[in-house]
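Here come two complexes built around subunit A, the first alongside subunit B, the second alongside subunit C.
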Partner chain A sequence: MNMSGFMKKEGVKSVISSVLCILAGVLLGFIIMVLLALFNDRTSIGDAVKGLGILLAGPFSSGNAAYIVTNVGDMIFYSTPLIMTGLSVAIAYKTGLFNIGAAGQFYMGTLAALMIALNADTNGSPAMGFLVWLAALLTAMLAGMIWGAIPGFFKAVFNVNEVIVCIMTNWISANIVTWIFTNTPDLINRSAGKSGYLITTAVTGNGTPKLGLDQVFKGSYIDMGILVAIALAIVIYVILTKTTFGYELRACGSNKYGARCAGMNEKRNIIVSMAIAGGLAAIGGALYYLNPGIELKFDTAYSQLPSYGFNGIPVALLGSNNPIAVIFVGIFIRFLSLGGDHLTSAGYNKYISDIIVALIIYFAGFSMFFKGFITKLARKKEKAAEEAAKAAVQKPSVEGEKTGAKADEAAPEKALTEGKEAETK
Partner chain B sequence: MSNSPYIIEMRHITKVFGTNRANDDITLQLKKGEIHALLGENGAGKSTLMSILFGLYDPDEGEIYKNGEKVTIKDPNDATALGIGMVHQHFKLVECFSVLDNIILGEEDTRMGFLQKKTARAKVRELSDKYGLYVDPDAIIEDITVGMQQRTEILKMLYRDNEILIFDEPTAVLTPQEIDELMQIMKNLAAEGKSILFITHKLNEIMEVADRCSVLRKGKYIGTVNVAETTKEDLSEMMVGHSVKFAVDKAPAKPAEPVLELRNLCVRSRSSHKNAVNDVSFTVHAGEIVCIAGIDGNGQTELGYAITGLEKADSGSIIMCGEDITKKNVRYRCEHGMSHIPEDRHKHGLILDFSLQENMVLRRYLEPEFQKNGFIRFKEVREYAEKLTEEFDVRSSAGVDSTARSMSGGNQQKAVVARELDHDHKLLVAIQPTRGLDVGAIEFIHSEIVKKRDAGAAILLISLELDEIMSLSDRILVMYEGEIVGHLDPKTTDVKEMGLYMAGAKRDTVKEEG
Partner chain C sequence: MIFLLQKTLIYTAPLLIVALGGMFSERSGVINLALEGEMIFGAFIGAISARLFLEAGVFSNMQLQFIVVLLISAASGAIFSLLLSFSAIKLKADQTIGGTALNMLAPAIVNAFALAFFNMEKIQMPANFQGYVIKNPDATPIEQIFADKAYISTYVIVVVFILLSIWIYKTRTGMRMRACGEHPQAAASVGVNVFKMRYLGTTISGALAGLGGYAYIATVANGTAESSIAGMGFLALAIMIFGNWKPVGIFFGALLFGFLKCIGPVYNSVDFLKNLGLPMYFYNIIPYAVVLVVLAITAKKSGCPKAEGIPYDKGMR
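Up next is the complex of A and B:
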């Protein structure tokens, strides 16, 4: 198989296009750093180059070996909620739905998990602590499923656009969380907390088990949450690709009329898919705040939605909605953010690094566009090769290119529309 | 003027899409003032060739000559400048504009930025008188019949003084009466010196109007014949490559017990306050083929939706094998003996992004043969899909792994038909089952449907193709404006009589006896 044949494989195309997105984002980020260096006396072009190096080094940009280990551990921990919300967006997308409500579902999961984990004091009994932790996680999942099913219900029964309902449920959940944590002291144990902050599971002893991971990555927040996330990603992958249920979800997402004509209940599938999406995002919230080291600042919750909810969208996009790819993308995005945090050492402030990371994430929306571009490139190469062969043999050769040049005919167009969609979103 | 006998000559045209040689060294010569038919199966390359002539595609090889002089046609504007006009299969009209506005669109006379329609109106009137193309210039397109819309398209070409007129399957959307009128119009046009290229796969029409006929098969040029010296059988053999039977071989029907009964079925229309299906009652028995005939848009689509469960009936009842299924969902109907070849294969028949094998089990994936504890049995699915594609000769680039989207329309349709006919079901609801298929495939599917009937299935066929209805049905029900207006016997009726019913000119008030 020649090069263009290799480039025609769906998976290969997805990976290459994702890498191209990242490179395009990094390039633009670098240009911005150069421009800033030119118009700012305190930084020079050399700083921009140094900045680029820091950005690409991620957690390794720190010189100190001990810090690097801690950074890597933290990178993995912070990527856990990203992976979960990424999975949430991805599975909804497979059913043709845009789950912009992951933020609200994340909050509902947080609320449910903390109401259990912070009220039950199990200090001294690790076994009980684990059981309470498990109960908290499952309750969070349930809460998220109910919360996610709401936009699904409105979409399926009244054909209300899920984006609108998702945005509304996002803000409703932000207000519910604030209201419960600020005004109902009976429902939540915040006795020993800092003002405006909840206590953590370190106080009640119901934190996520560490499984010795904190010994490997000394000084970091890491816990077994990442293992839960990876396991769930695999489960979702198996459901989508191997089961009749996943077959139905994909059919509904791809062509709901065709699915209905095949006897599938596309309304039920929409609700179920959104419920699963909600459950996944909620587990993300639970896994994040059940960590003994993470405090929730509840008094301003109503004014801001957790960025983890929205960052799930580029994670899913960059991973082409493939649950397995979402694991790697989630970690990668955290990798970049960590590099960004260290940009200050090159003379750029924290906000610049946020812009650059945002640019890369933004370019993730163009992954379908790059995919179409690769398809075209592969076809061009093939044509050139064909022509060369023609010239050499004086006879058209059609060997080795039956792999489906036509199959991708619709891809560039589709990529364009999807790219546009992503842009508007 | 040169001394070339041909007004348009396309010499050695080759056009390649990927690995597909859509046109392979095709030569087409059009004489001035003749009606030249271009015959071929679906996918034979007719549309590609015409698109090249109309400037929509660039040929990879070959040249085009007009009156003996070489010309290049880069886009439709070049084509128009050379006097080439085209009536597309799907009209390119602005629905909310008047006929006159549509005709002058792009060629408007203006004075100081204001439209001047007076001369245009006079010219349109003159043209319609000259060629017998009656239309009301002030009527709005969406209010007039399809036949009128087509005349508007023809007037558009004439208004631009085109002398080479391309008709792309112009009769597909017309009633028999309208087809007769169109044939007359084409003859008038040719008599006035216009040269006509007539794309079709209906042999009757070629025999009636064409002077010469060029045949394409699988992108290759087969030959050109004088229509007066040939027969339908010869033409079809040239087109398909082997001889084709026209009449469907079938024994007389032996209707048995009723399988599908409709009682006073009403379905409300989405676009107006009227009922799309109004008080329809009929019965289909085991072992017979009942056809619903009618012009597109007279409620057949809604009737099909209601019977198959895609939409709810507003009143009345649907009874299958003695059981009232009016309120049952699609899956229930499917599992209890209903097969359904939907009208729109892209919207309802297939999941285009799924592979062919995934599409083949679209209705059966829950059967134990194809799943175990909710996990798909991929091996069985593959084997089953391979068996079906083999039996029904469904062709695709990568076998059962090809995405449905990448397949040609005819093969997509064959896949749907294969899937639905493989059920041992009591009832088959086939809506336009041979849409977009070539003669060979139509013959095959017709014989499969007859086989189903003889095996004791009840078949309800909803079709717009009159030939199909005449040759396949045991009974014909004609639908007009949502009601059954005629109950005909194919042995005693003819296309003309059916056409009168279809156009609403004739109706029986007698209700059919179940």
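Up next is the complex of A and C:
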């Protein structure tokens, strides 16, 4: 296959435009670091270069081999909820909906999962622990599906913009989480120096099974959640590409009216798609907080939404809403923010990586522009290749053509000399 | 009761002006989801300049300083909104994504720059910014509502609101701008520069959001500019939809939601609400839940600009 044909493929174009978005975001982030260095005594230009290195090295920016292994394990663990919210945004996007409510659905999943897991003390019985974990995960999914169906319902029945409804449900769910957990005194961690935290599944013994992964990545939080996320990504991929139902969802996304004319129930599809999206984001919340090492700070939850919900958006966009690509992008975004966490060693703060992620979304907005640019480039190359091929064929036979080409080449010079002549005259 | 009305006015003002900002952008044809981010950014720049002014003692009159800082916040909101208009108008990018990106960018900028230059994640204005508040404890009850524990920003906002509402309906430029939101090709066919009008609408929108952002933190949020503004921008967007993209509707919507929004933080100081024994979270949820109910009822007869969210394409007639 030749190069230009390769570049014309939709998938390849998406990958290239995503890479361009990332590069543009990182470059701008670097410029911001340089600017900060110029206007701030604490950092120098050298620090900016060092900072860029740290960002690009992610978990490997630590020199110690043992730390690196732990960091990689943590990176995989923290990318699990990102992959889930990314899948959530992606499947909604395929149906033509913008699920900005993943944060609220994430909270609903957290709430449901922790209410089940933390209320059932199964310490000492791994089998029971696993069953409770499974029940917690499934309840979380159900809660998220119901929560996610609300914006879908409003969109389908009342034709209300799903973005507004999603935002409203986000804040409602954030308040519900704090409200409910302030009334569950048994679940609050009251050990010294703790305020506003819940106990974890380490106490109740029904955390996500580790499957020995914690032996591979010693000292990290990693558990089998990542395997659940990957399995779900594959399931969503199969549903979207291989089933009639998935086809209907995509049809609604590309043309609502066309789908209706073809006899599809587009209203039902909108609600179901948002419900699935809600379920996925909720599983993200559940997998995150069911880890024995992660504790929920519930008392301030009502005033801030989880960043995982919003960071699902760049994950989905950069992955072109392809469920399989979402896995890799999720890990990549976490890679970047992990680099951000280490930025303090170069004199910067971790929020630089937040800026970069936001910039990447900004650029992802005009990925169509990037794609058009790539298409143009491919066409140019194709033309050049065609001309080269033509020239190669015509070279031995046609002498006149060649001289013609030469004449063309000489033309500007000729014009120049003519111009000079005119001037001298 | 007087207390509740005073608080309602204070909460209403930022919502009112930001919702009008949303209207300006959408009537010109650009969905401005970034109101929240523009508020955060405007508030941040405003808080920094107020800090610098107070430290340098530039203004002896606090009210004058308040007005100057409001203008600075408006300018910074306008500049920040150029990011959105550039991607939405020039590059014809997805406006929802662009707006979301700005909403994520603003908090990140606030945190990163506040940490880099002030060593904290948020900017707190010095305590003497309390001089902004106007006190008239001895006035009659009616006067108290409007002139006691009041802020000059409320009146600035009302004046700007009225002037701009008249402007968009009665002047030539205003009418042209609205035409660009309804049918840009028709507007272009009579010689209106659609791109220019949309840039103008979005920039005014950003300015109003920046102004509202600083008014919010100076009057409601104890002078703290941080990475979150508690969904005020989105609430303003909902008020704009509630108001059917018209100033009069927005005015009543802002009053209603200003009232609902202020109950959560102040219910403890109002006896009959306190006696109900409901938690703060319940009152916090009310405005958001009411938005949903109201949208469900009003969405069918929507006065939504026909061309909003669609990038202008000269070739499409």
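Everything that follows uses one rule, which is that the second predicted complex is superposed on the first by the 356 of 425 C-alpha atoms of A that agree within 3 Å, B and C clash if a C-alpha of one lies under 4 Å from a C-alpha of the other, contacts with A are read in each partner's own complex, and residues count from 1 in each chain.
Basically, a residue touches a chain if its C-beta (ideal position, glycine included) is under 8 Å from a C-beta of that chain, and two chains touch if they have at least 3 such contacts.
Just so it is clear, the model here is predicted, and its values are computed rather than measured.
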Which partner does A:K381 reach: the first (subunit B), the second (subunit C), both, or neither? neither
Does the superposition put A:T243 against subunit B (first), subunit C (second), both, or neither? first
By the touch definition at the top of the document, which applies to A:N175: first (subunit B), second (subunit C), both, or neither? second
When the two structures are overlaid on chain A, which partner does A:K267 contact: first (subunit B), second (subunit C), both, or neither? neither
By the touch definition at the top of the document, which applies to A:K210: first (subunit B), second (subunit C), both, or neither? neither
Specify the partner with more touching residues on subunit A, choosing between subunit B and subunit C. C
Taking the superposition as given, does A:I355 touch the first partner, subunit B, the second, subunit C, both, or neither? second
Subunit B residues within the subunit A interface of the complex: 17-20, 308, 310, 329-331, 333-335, 340, 342, 347-354, 358, 362-363, 365-366, 371, 374-376, 397-398, 402-403, 405-406
Touching residues on subunit A, where the partner in the complex is subunit B: 242-245, 247, 250-251, 254-255, 257-265, 379, 398, 401-407, 409-410
Which bits of subunit C are touching subunit A when the two form their complex? 33, 83, 87, 91-94, 96-98, 100-102, 104-105, 107-109, 111-113, 115-117, 228, 230-231, 234, 237-238, 241, 279, 281-282, 284-285, 288-289, 291-292, 295-296, 299-300, 302
Interface with subunit C, subunit A side, in the complex: residues 32, 36, 39-40, 42-43, 98, 100, 150, 154, 157-161, 163-165, 167-172, 175-176, 178-179, 182, 302-304, 310, 313, 317, 348-349, 351-352, 354-355, 357-359, 361-362, 364-366, 368-369
